[in-house]
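For reference, the structures are reproduced in the following blocks.
One chain, chain A, links the two complexes that follow: it is found with chain B in the first and with chain C in the second.
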Partner chain A sequence: MNSLTRYIIKRILISLLVIVLAGVFAFCVIRFVPGDPIRAMIGSDADEAAVEAARRSLNLDKPILTQMQLWFGNLLKGNLGRSLVLNDSINNIFAARIPTTLSLSIPAFTIAIIFGIFFGTVCATHRGSMIDQILTVYIAGTNGVPIFWLAILMMNFFGTRLGWLPVLGYVKPSEDLGQWFLHAVMPVALISLQPLAAVARQVRTNMLEVIGQDYIRTARAYGVSETRIKYEYALRNALIPVITVVALQVPTIIGGSMLIEVCFSIAGMGRLIMTSVSNTDYLVIQALVLFISVVVVLCNLLLDIVYGLIDPRIRLSSGGK
Partner chain B sequence: MRKSKKWLSVLTAVVLAGSALAGCSGGGSSQPAQSSPAAEDAAEKTEEAEAPRDILETQAAATKGQEIMEGGSVTIACSTDCSNVAAWRVRSPYERLNWSGIYEPLFRMNDDGTVKGHLATSLDADYDNLTYTIHLREDVNFSDNSPLDADVVVWNLENFKENSQSSATHFSKVESFEKVDDYTVAIHLAEWTSQMPFSLADVAGLMYSKKAFDENGYDWCMENPVGTGPYVLDQWVKDEYKTLVRNENYWNRDAMGHLDSYTIRVVADQTAAENALKAGEIDGYYNGNTMFENTMLAQGYQEFSNTARYNAYFIVFASGVESSPLNDAKVRQAIAYAIDAQAICDSLGFGIDTFSGQYAALGSPFYVDGINNYEYNVEKAKELLAEAGYPDGFSTTIYTGNEMHVNDYMVVLQSYLKDIGIDVKLEYADNAEWSGTIMYEIPEGMIFMSHGFDNNIINQAYSNFALQNEGNGMLNKCKIVPDDMKAALDGAMSAPDTDTMMAEWRTAARLLFDDYCLAYTIAHTKGSRVLCNDRIVDEGWITTPCNYMNFSNIGVCK
Partner chain C sequence: MTGKRTKEQSAAVQFIRRFFSRGIIVKAATAIVLLFIIGMILGPVITPYDPNAINLREFLSEPSWKHWLGTDVQGRDVMTRIMYGARVSMVACFFACLGSAVVGIALGLIAAYWQGSIWETLIMRYVDFQMSLPAMLITIIAGLFLGYGLVALIIAMGIGYIPSYIRLIYSVVIQLKESDYVVALRLANVKSFQIIFRHLLLNSIPSAIVMFAMNLGKAVMLESTLSFLGIGIQAPQASWGTMVSDGYEYIFRRPVLCLAPGICITLLVISFNIIGDSLRDTLDPRLRGRI
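Right, the complex of A and B next:
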């Protein structure tokens, strides 16, 4: 077994352990919340008989260890449970919403990476110029501006005043690609803002560091073109640490999509997080905590594998031969 | 270059400052926020209270008198989707909005608090035999063409009793349901209740197709509404929108809906709703908060509100401790006098809320004339406190559930009571704990809460003030239940006819809100209202005394 394979297997096993621990955490943390979750879910005016029936239907009348056993048993069968508030299987709820969120998050993520790398490179290669100054202001400003405030401004300007873009809702790309694009422009732009700034800042910093290295000076001395030096020598080496930053934008995009989906009334996973917390829909919250943990763990696993592929020093130092 | 750097530095500073200001505003937190300027304003008002306003006063409709166009469609938005679909599961105002075009009740309310037939023709009350008899129309069918007859009604009522989350509220005294003949149903009671007509005019009287149930099963019915109403569900994207289209099989051809279709859209954020209204993407927004209502009314939008349903903000006094000052009626009355409820309505309620001092709002058939509503009078409050033996005041606690919109009220109450020497500690219970807290855990103090009322007000008052350690009764450790008040509430609940019921209720209300001052209502806000653009014409769609909309009576103006 070569070092890369050993490295990947080790990372996968660690990730599985983290997912199991995340599941235990998700299960336990909900049960430490004070108050009666059933009354919180079905309403304080519900009859006592209805409350007890709901409690039995969710196995909440059983001992904690039995509940955990049942939940993990169902998880292994792919059953996330049922939401009393939404009156639907959590599997169905997720299945309906994940594609919506992905159709916004993936474009946002892609835009953030592409334009983040581009802006960062431009800033680094035109250091001190007007364009560097402008982009630096944008990067700094984006981090401080609340995304929901920008959403309201954009909604008001592009939607209400100009009438260029719809204010609310979502259309699946499979139904009407043109309408999907119109509905997705503002949400995708807003979700991508902060990750784009983070990537751009990191690329700029790394590029400036790499450009100052001896081998870059040597390449120039050998007559290599400036364009090739920037994009073949400098950028490739500058991107290795950027991979970490890119992976760290996944939680940012999840958080961004929460606010944006509420603002634009898009029924995705982000809005599900908000509504399940405000409705104290404990079982959905439990499933969401696990889901988000799995997404983050998988992104980190992917990151580790990419690192191992790109840089042999990393997989060798992790115990490979 | 130096000049451009300077300008860019200034620009950066402006952007960051603007971000900091924007970031510091709005948002919610789990901890109670500091009081708002409106709350401070309310606390400072000392002017004479105006005469109480009728809650039925609504914004004059821009489209009043306009002719309705046949056809067309409207989009009404609300903040949340509904999860309950089957008729026997409908409870919340949002579920009523969503399904009132599909399900119809057996009876509807009149302005004077009596019921009139809708799917039924009449309701006979036989006090001696503990029986209500429903006489059904013989021409009603569901959208799947199955008829509404006695078998179907009995099945619906039994289903509601068995499976509804509010079964005990409506059918706790019911022993059985019986088919008398094809179009007559008898409800046999274990104990008489005067509230059955109101229940049958509300969610307990909604009818679902038994044929659909028999063919498709319980789980299918929980996802698919099949009723007798003028509309049927065409499309539903959960948590986004649902579209309802005209029911071509509607039994009441004289009351076919004007609209070809309507859409209920979910818009959680009220700023987004405001933008959507202005952009024309929605025609109305249901149950926005008072601030939203005030903003949109000021911009010329119109409001339609239900005349049966309102939310009340009120204080209930609790005293399970013998030495508690709240045991003394004079102390409770002093507290009521010390609160300028009209100022609170004018500031926190933006002048839209109204004040009556009792559970029923002015204009409700259950409002009782002549009850002292404790108009703001600090000197009177101090005088009563001194008579009760507390000239220097005392300390107490106000409990409430931890919701943002009540925080301003709590702070204002604290401020008013401080003026008469009462030190109030504010206790916020987490939402998940609030039910348990309010029912079993408060030993002494006051609770502040908001609650929706409609034509079940007697039932609600009975549950709040007469029941103790029974089911959903509140303040079970510390309720003050004077014998004469309980007797009047018992009398209202078990009255053989409407006149007796109202007479007993008037006695109970006087004792409850006036003589004993066990509760004090600070504000009423309309519980079911829609802010609309000027396309919509309401001829009794939401402006109805029934806590259930009638989608036959809404249209688009020509």
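Right, the complex of A and C next:
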């Protein structure tokens, strides 16, 4: 077996282990939460028989190992269960909300990566210049500004005062592309803010590190043009570690859209988390925990594999054992 | 004895000098944090008002000498509420970071020292799992189990920061473990216990301090976000996050109600980040001398 296959198999096994851990954790939520979660879900005025029936329908009366077996069995079938609060299957609830969240988070993610790499490169190649200083302050600023506060100020300024953008709500891109764009501008900008700064910062550091390396000096000594050195030699090598930072931004994007969807009252997955918490809808919460960790783990797996493909040093060091 | 002591002192003085010699920004950041700490401790002495006393005769009054930042819709002095908000926020964040540091360092040491054991696998996969969820979600779920109150909030936020320490200490200790002096200690049959506490732990403390400063900034942000959403610090207790959401309704009449707490959060978080960055650069000999 060559080192690449071994590396990929190892990554897949690790990801599976993490997903199983997430499944066990989600399994524990409803079983170990204090108080009476069943009663909290179907309402405090429900009678004893209804609570008992709900408990039976969730298999909570069976021995714990059987329960776990049923839970994982259902998950493998792709069945996330049924929400007792919303009285709908969780698969349906998710299916209605995932496109909304994706239509905001994918543009945000793309913008963060593209502009992050661009800003980082500009900073590094113009180190110490005005533009570098402005961008450094911008990066420090976005890490410190509370996103919810910025959201309020932006809604107030661009929405109410100037009247340029709609303040609340969301329109599906399939219904009206122009309206979707107007509704999505502020949320996407706000969600991408922190990931963009993180990527830019990492690119800047890596570029500066790479530019100081011997092979760049050698290339200069050979008379390779400065543009070619910067973009072909330095940027390519500087981008490899950025993949790790990009992978770390996936949870940040999810956390960001949680907050932004609440601020802009957009009915996506993020707002679903908040409403399920306030409704004590434990079944949706456990499905959400599992769903988010599976998404993030799969993204990380994909990026790890890309990482291994691009940089042979990685697969030799961690998969070669 | 005396000689050794002066040498230690001078090392500390040197460190502080080097830390502050990094420019005006570090000094400003430290000054801002100190200012908030002073306001937080001396709050009750400086201001004559009660942060939660409702005074409807003076609701939404303009900033004046009597009320520096005006009053909110219930006539409560905004300046006073900001100072008391700093109290709750800083206490919650400090203890959350401290608790997570203690647990995280311990688990990181275990995972790194007994590398290859089942403990390492469990601890590191737990880290992977938790890192795959946003910190806010972790805290919210922990809140389901713990309820909502100051202590519950501290524990819930603390849980969110444990993996960052585990990862850090793990990578530091794995490197330290291979260094010649630790190998020599092992060959000399020094007990594991002693190696871990005397050498590995003490040598990884500087990196942990940097992480602590960074996490303080993140925790202030998280606490205010949770309070803004209504699941952090509960009313009527003042918190910067709740002040923003309360002030939002009156953003046209009194923008200061919404602006002041937001600016405080920004200043404090950026200051903690700058201090963390500078600490890292000062402690890391390779980065010495750069900006």
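Definition applied: the second predicted complex is superposed on the first by the 303 of 321 C-alpha atoms of A that agree within 3 Å, B and C clash if a C-alpha of one lies under 4 Å from a C-alpha of the other, contacts with A are read in each partner's own complex, and residues count from 1 in each chain.
We adopt the following convention: a residue touches a chain if its C-beta (ideal position, glycine included) is under 8 Å from a C-beta of that chain, and two chains touch if they have at least 3 such contacts.
Predicted model, so just to flag it, every value in this text is computed and none were measured.
*Asks:* Quick one: is A:Ser293 in contact with chain B, with chain C, with both, or with neither? Answer first, second, both or neither.
*Replies:* In the superposed model, A:Ser293 contacts chain C only, not chain B.
*Asks:* First (chain B), second (chain C), both or neither: which does A:Ile134 touch?
*Replies:* first
*Asks:* For A:Ser265, using the defined touch cut-off, is the partner it touches chain B, chain C, both, or neither? Pick first, second, both or neither.
*Replies:* Touch status of A:Ser265: first partner only.
*Asks:* With the two structures laid over each other on chain A, which partner does A:Gly212 touch: chain B (first), chain C (second), both, or neither?
*Replies:* Touch status of A:Gly212: no partner.
*Asks:* Regarding the shared-chain residue A:Glu48, is it in contact with chain B (first), chain C (second), both, or neither?
*Replies:* first
*Asks:* When the two structures are overlaid on chain A, which partner does A:Ile14 contact: first (chain B), second (chain C), both, or neither?
*Replies:* A:Ile14 contacts chain C only, not chain B.
*Asks:* Of the two partners chain B and chain C, indicate the one touching more residues belonging to chain A.
*Replies:* B
*Asks:* Which partner chains sit in contact with A:Gly73 here, chain B, chain C, both or neither? Use first/second/both/neither.
*Replies:* Touch status of A:Gly73: no partner.
*Asks:* Quick check for you: in the superposed arrangement, does A:Ile273 touch first (chain B), second (chain C), both or neither?
*Replies:* After superposing on A, A:Ile273 lies in contact with chain C but is clear of chain B.
*Asks:* If we overlay the two complexes on their shared chain A, which of chain B and chain C does A:Phe32 touch? Say first, second, both or neither.
*Replies:* Only chain C is touched by A:Phe32; chain B is not.
*Asks:* Just which bits of chain A does chain B share with chain C as contact spots?
*Replies:* The overlap between the chain B and chain C interfaces on chain A comprises residues 33-34, 140-141, 144-146, 149, 152, 156, 262, 274, 280.
*Asks:* Touching residues of chain A toward chain C in the complex: what are they?
*Replies:* Touch list, chain A to chain C: 14, 17-18, 21-22, 25, 29, 32-34, 140-141, 143-149, 152-153, 156, 248, 251-252, 254-255, 258-259, 262, 273-274, 277, 280, 282, 285, 289, 292-293, 296-297, 300.
*Asks:* What residues on chain A touch chain B, complex-wise?
*Replies:* Those in contact with chain B are residues 33-37, 39-40, 42-50, 83, 85-88, 93, 96, 128, 130, 133-134, 136-137, 140-141, 144-146, 149, 152, 155-156, 159-160, 163, 166-170, 262-267, 271-272, 274-275, 280.
*Asks:* Applying the document's contact rule, which stretches of chain C touch chain A when the two form their complex?
*Replies:* 121, 125-126, 128-129, 131-137, 140-141, 143-145, 147, 217, 221, 224-225, 228-229, 231, 241, 244, 248, 251, 258, 261-262, 265-267, 269-270, 273-274
*Asks:* Please give the residue numbers of chain B that touch chain A in the complex, ascending.
*Replies:* 1, 4-5, 8, 11-12, 15-16, 18-20, 22-23, 80, 83-85, 91-92, 164-169, 222, 237-241, 265-269, 271-272, 275-276, 278-279, 281-282, 430-436, 438, 471-472
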